[in-house]
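Each structure below appears as structure tokens.
Both of the next two complexes hold subunit A, though its partner changes from subunit B to subunit C.
This part shows the complex of A and B:
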């Protein structure tokens, strides 16, 4: 008795292997999010329902289509292995392949890009449209798209605390400002803080760690000792103190600037005595404050202060890598030709650190966004009329109560913040797994 | 060992001094003074008298020496905002609250994190593992104020399991402690999982299996000890983050802790209270890190206590 063995000629792919699976997954997530947002609208326009329905239908059709086309023929066996010169894969290409296979990471990337695009285009359009149309911000009609969905500073007196409606998609706040525009604007601030803070933290951390690791010995011991000590400090307390300093300076500076403006106005009107009187009232301290804040507006200090706090992990990782890199042949060779330490560190060692540095910077961005949200939540970060997701959530929390819950004030900024933090964390984890497959399993 | 302890103690004192000095000059540089609201419209004489009462009329350097001498002798000075109260009294009243909240959060974080981490490592690459690690990503990326709000809405408003806010009963501490601990539990859980997986692949675990020890004994007696090392070294930074994180949680749950006092004092320029809080918090942290370092030498026999490093 013999058993006939038929060789399989087809193969069933996994869902993630199909090229259409990623767009479908992303579109499904976006559908769910918009479904939640739309179903929360108090007076949704009738057109929304068919649009959502068609979107869902298209999605389901695509899922069915992909499901039917998962089976593909196996690649025809090659005539001879020796004929085909195997294409070499670089470490980078390998990593990119693994990253593409990670749907969580790629999907997060797409959603995050969309989110950033929305936030930054609000930021750009808010400033650009008045310039293009040659109109003042206040001159736009109150039912124009600009006034309704883009202008986050416009206050509407009769429309305070409105729940989400077809006019105000995310509702309005205590001053009747459109929460949709404010959420987008807060997003651009949060992303900026995250990115700039990360750049600061990466530059400091990599330089510190590279120098410590390269020189080794006593230098290393002391530099890492400092890192150890800083690790255990209540660092945000110092940031809070810095922020009180900066906010105080900012207040003084704005009142001084006002005085300067008054004096200039008086001067223009020909009233020199009055102008001099106002100018003589300004103390040297106030002048200094005004100049200091010109060069360092509070928002920049937020970036830098938070960035300076979060370089410690980066320094440790860099040091560990440098310790092993500096024994490698190419470094010895560079030293043999007479290259000096700075050149070896920044031309030879740092470029080889890029993998771990990229991974930890992606993981630092959400951390810094969290710290910023934390500071703004306590009331020391971004100050009015600017806002960030943290300060919006903080305002929103005041509206969470049993009697009359203004839930939308909390829900939308918090959801946007959480969504982008998830996204960034998934991307960071995906990158780590891709670049260093050993650490994953 | 004695050298190690002494070296550490000296660096602890230097650290506290450094932080205190930095904070002193930072808060003094900030414009405004504690009496700005109180003495609005008062005559210059009154203002001067008030300043003299708190030595604010002296040059900054002398004020610094007076304050430092006070700190060394354990006197943090009078509060400038709360009339007739010393900073020591304020701290004595609010510090226990903060410590209770912080330690509850710490215990939650360690217990939850280690348990889930070990389970995930033992069930490596199964749905249980993936599920736990997905939850951990959520825990790491969600800010604690969002977690706390979710907790309030779900557990207090809907389920009515916990009292809303305040600080009277034991159940008051549970929800804030949980909200504060979750991000750290998630982080500890990941660390434990990675450490555990690494240890379980080591030779001495195979030997233990070969000896016929039960799975339970291997995990608890042999593997966990090694897997705890990264967790223990994370505890120091985690404690610092929990203490700062309590600022937000105290604000949300209206807990009368030291964090609330600190933020208020910083905005009011109540110099002595700010500095007192900073000194207390950094001493606590340094002490905690010191204990962590000591315990490290007990857990890992390879780590030799050397002064300095």
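This part shows the complex of A and C:
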């Protein structure tokens, strides 16, 4: 044990000190500028190609930028494991070092980031541009960048089932919608479902497991018995049940909304009696349904429903960890200073769970994305004209026939989905290996 | 009397039987006193301190006492929330291993602020100011920068200093230090003891120092309790107890301390026999199977803690035999 006073580690600011920081920072700025440019020039046909070019360039630079921080620093000499440990770095930094050395995981991260960036750019631009330009989606010229590459809802009767071309890179679907835009939008939805679902699953699972494990005894027994019971119920049954209930609620809500609209119309026409008559027909339940659906659109329900049934394993993992963590001396020390249970659980124990939680989360995201894909596949997930990779693949499957195989309808979304699932699994495996000190080599 | 414990028992029911870890302890600590508790590993010192802190979960443990009076309040009768208000505030504890008793994921500053935030209703900026003062007062260099360090960036000695600072943050009346220096090397050990001594003198904090090291106890404490198998076998002022032990176990402990005038290469003097099995204590005195002075009564009755006759200071021992001036086996 050394008694030497160790210098506090100064946090390295890689984006300033890195030898390539200048070109990378320039391309990041470029990326932001092109983002703005695409927004402003979206309706000008002449700008499409150059802006798209700059945009792609900047996107790649952004990816390289992130990738470089994830991979071994270019200027740092390779260190042996023992050197890293001898430096007295924390377990976490050790783990990050090991993760960076794992090429499958870092490669997956780069690819995933590229995919997510592309998807979320489309998602953002699709919603932002009409707001910035102050005009309707339909009002954009049909050869504009927006209509061609960003608007996944735009139908075109003359261009149904077009195979991939220079204009429609991924082809078009049965309504002539651009599959490139739809694949990007579907990606945003799939990633969002995966991420939000995982956040729900992790928050519920970790809290539940931590409370059960910390209090032990009766509390533990009851809480884990509930988990056991939920485990016994088929997962899809639960989700389908929730989705059906919500769909029912949605139907009630939309018919109620329609009545409200009728009443408002009657009011406007000066027919107050009729308006009152319509309003008096609306029951309190219908009102509630209408309000609830305002705050919980169906897509959010997909997130929550999947998250709510996938926290069980997280709860079990957490409980197991907490059982051993709560005997650790720093937890006893925290009790010795008079801390209450919530402080001990959420401030002292939960941060120490982050290793297994992060690993399990990265494996939960693909699992949830797959569940969403399945739900959309059987027609319970996202609804038209929105889409997810699952719903696109399902549509694509319908388009595959022997006489005229519209292969692109299925191949692109399915490829994107599989690529992400592979990537996430590689990252999860990489993290698990990296965080396990025994795997050090 | 700051702390007055009478007949404290902590028993753990286990598969193999009832573990009598603490088996009827009396303990008195005056304001500002330095009391040592010594005994071999497994004699119940840690369980005793954890029980006084209210940190032994019961059930499963079975805890009973005639009283555990602290600042006029019976700790065994206190509710969980009353107990939380005392812990870390009036009654604080330092643990053995500074490597494991700090949370690796929280900065030193965050951890040291906790008792202040919990007990003193300080705002976080007031707490930060106080913590930096505390870090400086326990001798941590550059406390402003150190506030943001993580435990792994501290050396062992500095972590134990930080633990001391955390324990005394709220100005407790009594500090229980359970083997605070066992995990440290000797020079650091001395520094930490010195630090605790200066806190005791400056703040008037009473200290219970738990250790298995007779040397440490001798250097720090005014009064010493010797524990064996969950009981106090002897108590008395440090000088007298060291000069002339009245219990065979104390005598054995003292003579097992290696000395400079020992012949080099000689064998270590150990106490013959096995430490007692707490689930299956012998009838009578727990030390009797290992005791060179044993008489028949020792194997039948448990010797009570009684005043040692012929002493100018208050001393007590739990032994039927007068061993002063006697050699073993006589």
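Remarks
Please note the rule applied: the second predicted complex is superposed on the first by the 313 of 441 C-alpha atoms of A that agree within 3 Å, B and C clash if a C-alpha of one lies under 4 Å from a C-alpha of the other, contacts with A are read in each partner's own complex, and residues count from 1 in each chain.
Keep this in mind: a residue touches a chain if its C-beta (ideal position, glycine included) is under 8 Å from a C-beta of that chain, and two chains touch if they have at least 3 such contacts.
Bear in mind the structure is a predicted one, so any value in this text is a computation, not a measurement.
By the touch criterion stated above, A:347 is placed in contact with subunit C alone, subunit B being left untouched. Judged by the touch definition given at the top, the superposed model places A:336 against subunit C, while subunit B stays out of reach.
By the document's definition of touching, of the two partners only subunit B reaches A:426; subunit C does not. Subunit A is touched at more residues by one of its partners, and among subunit B and subunit C that partner is B.
Once the two complexes are overlaid on the shared chain, A:268 sits clear of subunit B and of subunit C alike. With both structures placed on the common chain, the touch criterion links A:251 to subunit B but leaves subunit C unconnected. For subunit B in complex with subunit A, the touching residues are 11, 15, 19, 22-23, 26-27, 29-32, 124-125, 137-138, 140-143, 145-146, 149, 152-153, 157, 194, 197, 236-237, 239-240, 243-245, 247-248, 251-252, 262-263, 266-267, 269, 274, 277-278, 281-282, 285-286, 288-289, 308-309.
Every residue of subunit A that touches subunit C in the complex is listed here, in rising order: 1-6, 8-9, 88-91, 328-330, 332-340, 343, 347-348, 351-352, 354. Residues 50, 53, 55, 84-89, 92-93, 95-97, 100-106, 114-115, 118-119, 141-142, 145-146, 148-150, 152-158, 163, 166-167, 184-185, 187-188 of subunit C are the ones touching subunit A in the complex. Touching subunit B in their complex are the following residues of subunit A: 221, 224-225, 229, 231-238, 240-242, 244-245, 248-249, 251-252, 285, 289, 366, 370, 373-374, 377-380, 390, 393-394, 397, 400, 402, 410, 414, 417-418, 421-422, 424-426, 429, 439, 441.
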